[in-house]
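Next, two complexes with chain A in common: one pairs it with chain B, the other with chain C.
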Partner chain A sequence: MWDNLQLLFVWAPIINVQVILDGIFVGAVFALSAYGLALVWGVMNIKNLAQGDFVIMGGYLAFALHQMHVPLVLILLIVMPLMFIFGWIIYVVMIRRIIDQDMFVSLLATFGLSLLLQQVINLIFGPEVQTIDMEMPVYDAFDNMVTVPSSKIVTLVLAGVIAVAVVLFMKRSRAGQAIRATAQDPRAARVLGIDIDRVYAFTFAFNAALCGAAGVLVSIIWVIQPFYGITYSVRSFAIVTAAGLGNLPAVIGAGFGIGLFEKYTGAILGTAYEVAAPVCILLLVLIYRQIQMRRNRQVVR
Partner chain B sequence: MFMKHGIVAAAALAVTLATPALARVDGDTITLGSSISLTGKYATNGLHTQRGYDYAVKVINEAGGVKVGGKSYKLAVKYYDDESTPARGAQLAERLIQQDGVEYMLGPYSSGMTKAIAPVSEKFGVPMVEAEGASRSLFTQGYKYLFAVLSTSEQYLATAVDFAAAKSSDPKSVRIALAFEGDPFSMDVRAGVMDKVKEYGMKVVIDDQLPADLSDMSTTLTKVKALKPDALIISGHSKGAATAARQIDEMKVNVPMIALTHCEAAKVQEKFPKTANGFLCPTQWVETLSKSDAMFGSAADWNAGFKADYPSYTSVPYQSAQASAAVYVFKEAFEAANSLDKDKLRDAISAVEMETFYGDIKFSAQGNNIAKPMFMRQINADGTYGLVEKAGDMVHPRNVAY
Partner chain C sequence: MSMTNRTMMTYAGLALFGIFGPILFPQYTLTIAYLWMMVLMASTWDTLGGQMGYNSLGNITFFGVGMYVSAIVQISFFYEGGVGEYTSAMGSIKPEFTAAEYFWGLGLGILAAGIVGLLLSLVFSSFMFGLRGPYFAIGSLGLAIAVAEITITINYVGGASGISMPLFPGDIEFRSTFFYMLCFAFTIVSHFLLRWLYSTQFGLAANAIRDDEDKAEAMGIPTLAYKRIGWAIPAFFMGCIGAVAGNMAGFIDKEVAYPIPTFGIFMVAMALLGGKGTLWGPVLGAIIFHVVKEATWTYLLNLQWVALGLILIVNIVYFQQGIMGWLQTKYPELFGIVVDTSNIADGDEKEAAR
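Up next is the complex of A and B:
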């Protein structure tokens, strides 16, 4: 660990650039799936444990399309609607029935969905680790000390475009307004003529589409395997806990933050601790919140 | 109401299951049992293993099966999916033995799973021939019913350190980077490497542990680029090999020597042909090996037969070959014991001394195979594997063109 710190800050500070860049690239992808989770959580109070598996499912759809030589942008345009339809079906079949139940029912149901998705993906695609090799050029700088694959730049740009589109959609469109109104007060929204059931279905489907997009990006920059979903679920939960519900800029900020924290943890303590990093953040945030709440807590006499 | 019926049905089912079904020898079929990882993190290699078992069973049955006491028996394997979790594996082993009446076991995939299952088969005195648990620690517990056809894991990458030393005028000046997963197998491989590193007095400049759900090791590789070691040694099952190959290319990592386990299992030569060029990969077995037996023919014959049954392989992973060898050991032992009694069978297995397509098999008193060495291969530019018997055969430094 001491060696690693010296390496980072004394011997070869230039590799900080690489670590920071990597953190930003992964943060962008995390932010996408985390925002979907925040939406579903905020609007319908469903804690979706299958979030990571939606991401992996999107990744495998992209992988399948890539095998058919579909170009990247088209892959994204096909996977998102496909995942949207899938999300809608899952809502109608399952989520609608658990939405009024207590928290444990939603946790159990989505955990079951997560297991089901893993196994189905495993049955169809097999357990091999897969990746989409776009065979795009890799840029390097500082005497090859910093390398940036163009696939990661493309990923970042796509994530940015999707994020901006989502913000505009939520702010400007009628559907976005309806979602925000339902999140604030479902009863009042219903009184004002909003079809809550439709809004819920749309939100859940929209979340699946966002996860699908994240999955496409993950399959391009990393590797995917049917059982890797859980790490994305954990990261999404950590980000949402840190950022709060329904606040896209905060979610993006937290996404980048966790990406960077993860990469620095990896550089200093070793790659094995990278996955542990978001869980630590989750813990710290919960402890901080607890202390913050204690200050406001009063005893009723 | 519905719930009530459900409970009754479940109870009825449980009663049926609990009745000891003597599936051990059913008519003219001998049933071997195996809990194998078909889902979860070891699923890739679990499948390779299962196919190796299935292929051997098919070939042996086609050749007339196993002859015990003048009667021919067919072999069959009863599988359960252990989901790559040791606790589940131990549970399923118990279920195989107690509920399904299995008295002969084939091993699971990975040292960790074998470690979980071995105490169970030991408790019931059920002989287990395993082909995929190479951890040294399996053979220091005094197990009597555990036999392994493969070489133990500390031998996997130790040769790579020898090669690195041979390629340097002063082995003490060699700088090594290590990236190993924290599971029993990889840690054993690491121990073997560390022994050699200490022996030569080399310097370890990076010693990173990789997570179980590995999909990104860019931070480790960033450090590798900054420190420019003479050799990079990696072990993290298939996902480790795939992730490393992918990111070594993407980050233009230029190390003169890269050695890693599970190249074949992860199909790196196929998926990352450019990067994989020059990778050193240890293997339990090579298809060019000049060993043969009466059942499967030569190593090349087994290879051709297996590929004909599973055409999706361009290069057959050794995991499948050793799985076939484990089934073959059972056949030989059954015939040598000339009995279906599990204790007589156990003694026959421990006395086995045979040449197979997979190499020689002879078990030590601890149960590991002491007759077969490890091999080191290097991936060529065209994606084929070339045997490297001494450091001089190796392309060094690797030819990289990023």
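Up next is the complex of A and C:
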């Protein structure tokens, strides 16, 4: 650990650039899935533990499409609607029945969904680690100390485009307005003629589509494996608990923060700790929130 | 602790099954041992999850920690080289323990595992009980994952490659009978402890906390103390049974010690299937779950995990109140919830006639 610290801050501080860049690349992807979670959590009070498995599912869809030689942009345009339909089906079959229930029910039911998705993906694609090789050029900087694959830049741009599109959609479109109205007050929204059930279905499906997009990006810049989903779920939860619901800039900020934290932990303590890092962040955030609330004699609920 | 005839019959039936089951079907001894283990897990989960309303997804942490603690105790007490040397040899060192050494080590290991589990739960209690509802569930799940991930980075306990446990001094039949008896004994002890506990003030306080914690606190119930006890008891038993399970498995690593997606969720699912918040619900749920799992497992080949996810979803989404809950609403007289006074006297005869 000491060696790594010295390497980072004394001998070759330029490596920091690499770590920060990597953190930003992965943070952009985390922010996407975390925003989906925040949306579902805020609008319909469902804590979706299958969030990470939606991401992985999107990744595998992209992987399958890539093997059929579909170009990247088209992959994104195919995966997102597919995941949207999938999310709608899941809503009708499962989520609609647990929406008024105890909050723990939604956690457990979506954990069951997560197990199911993992296993189905495992059956179809096998347990091997997969990635999409876009065969794009890799740029070097600072005497080969920093490498930036252009595929990562492309995904960052794509993530940015999706984020902007989502923001505009939520702000401007009728559907986005309906979602925001429902989040504020479902009863008033119903009185004003908004079909709550359809808004819920749309929100959940929209979340699935966002996760699918995140999955496509993950499969390009990183690796996917059927059982990696849980770490994405944990990251999303960490980001949302840190940023709060319905606060898009904070979600994006927290996404980048977690990405950077994870990469720095990996660089300093070794990659074995990279999985533990987001979980520890989640715990730290929860503890910090408790201390904050305790001042007002309240609890985190 | 008064018992009705029906409860006595149930205990007698379970005791007969527990004693004669492995004698009649020796090839299923370990399967039945796992059945008792799951009964213990579901019952102890219910203390915090069902009775107190704090749905923990992290009780499996104590199971894994107990496993590792007992391994350290068992090896370090009777092997001079120490645990570090033992684990760095990757199982090539096979120290010959005498029977006395082995059983002493095992006993101490199980005890230490329980105590460390209990202490760990007290540490967790200090920063977890300000969380309510889903935050507690997510936080405890995070704890389980974090502890599991940190365990495999510690080379002292074998890191990612795991530890092989000391060899059992005796033939394989004696081994399975011995571990069977341990599991059975721990399940009985935990069951009667919980039964007694729920009949005391603890049970009332726990249910008050579940129903409305703020009001309970306003009534002067020391909620935090009760919650600590409510987590310490499951933690102690999970640690002990983890130690037993580690020795039963013979080899421990992250997958064996922290089975978060399997046992960690099974115990919740079993308690929910049987009906949470009741003494018998988790027992019933565990028995049904285990029997269904063992009966269908071999025929499903690769689909067993898919089926398991489906069972979980169907159970939670469509059948939330559980079997005991369903029975309670369907036949309230079975549970002594009788309103009509003319039925009280001959309630039991009517039951018999039914």
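Following the convention adopted for this analysis, the second predicted complex is superposed on the first by the 297 of 301 C-alpha atoms of A that agree within 3 Å, B and C clash if a C-alpha of one lies under 4 Å from a C-alpha of the other, contacts with A are read in each partner's own complex, and residues count from 1 in each chain.
The criterion applied here is as follows: a residue touches a chain if its C-beta (ideal position, glycine included) is under 8 Å from a C-beta of that chain, and two chains touch if they have at least 3 such contacts.
The shown structure was predicted, so the numbers you read here are calculated from the model rather than taken from an experiment.
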| item | value |
| --- | --- |
| Clash or fit, chain B versus chain C on superposed chain A | clash |
| Touching partner for A:L108 - first (chain B), second (chain C), both, neither | second |
| Contacts of A:L7 with chain B and chain C, given as first, second, both or neither | first |
| Touched partner set for A:Q119, first chain B, second chain C, both or neither | both |
| Contacts of A:V275 with chain B and chain C, given as first, second, both or neither | both |
| Chain B versus chain C as contact partner of A:I24, first or second or both or neither | neither |
| Which of chain B and chain C A:Q290 touches, first, second, both or neither | second |
| Which of chain B and chain C A:I230 touches, first, second, both or neither | both |
| Which superposed partner A:I196 touches (first chain B, second chain C, both, neither) | neither |
| Contacts of A:I98 with chain B and chain C, given as first, second, both or neither | second |
| Offending stretch of chain C which, after superposing on A, collides with chain B (from 73-81, 91-99, 109-117 or 307-315) | 91-99 |
| Where chain A meets both chain C and chain B, residue numbers | 118-119, 122, 230, 270, 272-273, 275 |
| Complex contact set, residues of chain A against chain C | 47, 94, 97-98, 101, 103-109, 111-120, 122-123, 230, 234, 237, 241, 270, 272-273, 275-276, 279-280, 282-283, 286-287, 290, 293-294, 299-301 |
| Contact set on chain C toward chain A in their complex | 55, 57, 127, 130-135, 137-139, 141-143, 145-146, 149-150, 152-153, 160, 261, 265, 268-269, 272, 302-303, 305-306, 308-313, 315-318, 320 |
| Of chain B, residues touching chain A in the complex | 38-41, 43-44, 46-47, 179, 181-182, 205, 207-211, 213-220, 222-223, 225-227, 238-239, 242-243, 246, 249-252, 254, 266-267, 271-272, 402 |
| Chain A residues within the chain B interface of the complex | 3-4, 7, 11-12, 14-15, 18-19, 22, 26, 118-119, 122, 126-129, 131, 133, 138, 140, 144-145, 147, 149, 151, 218, 222-228, 230-231, 263, 266-267, 270-275 |
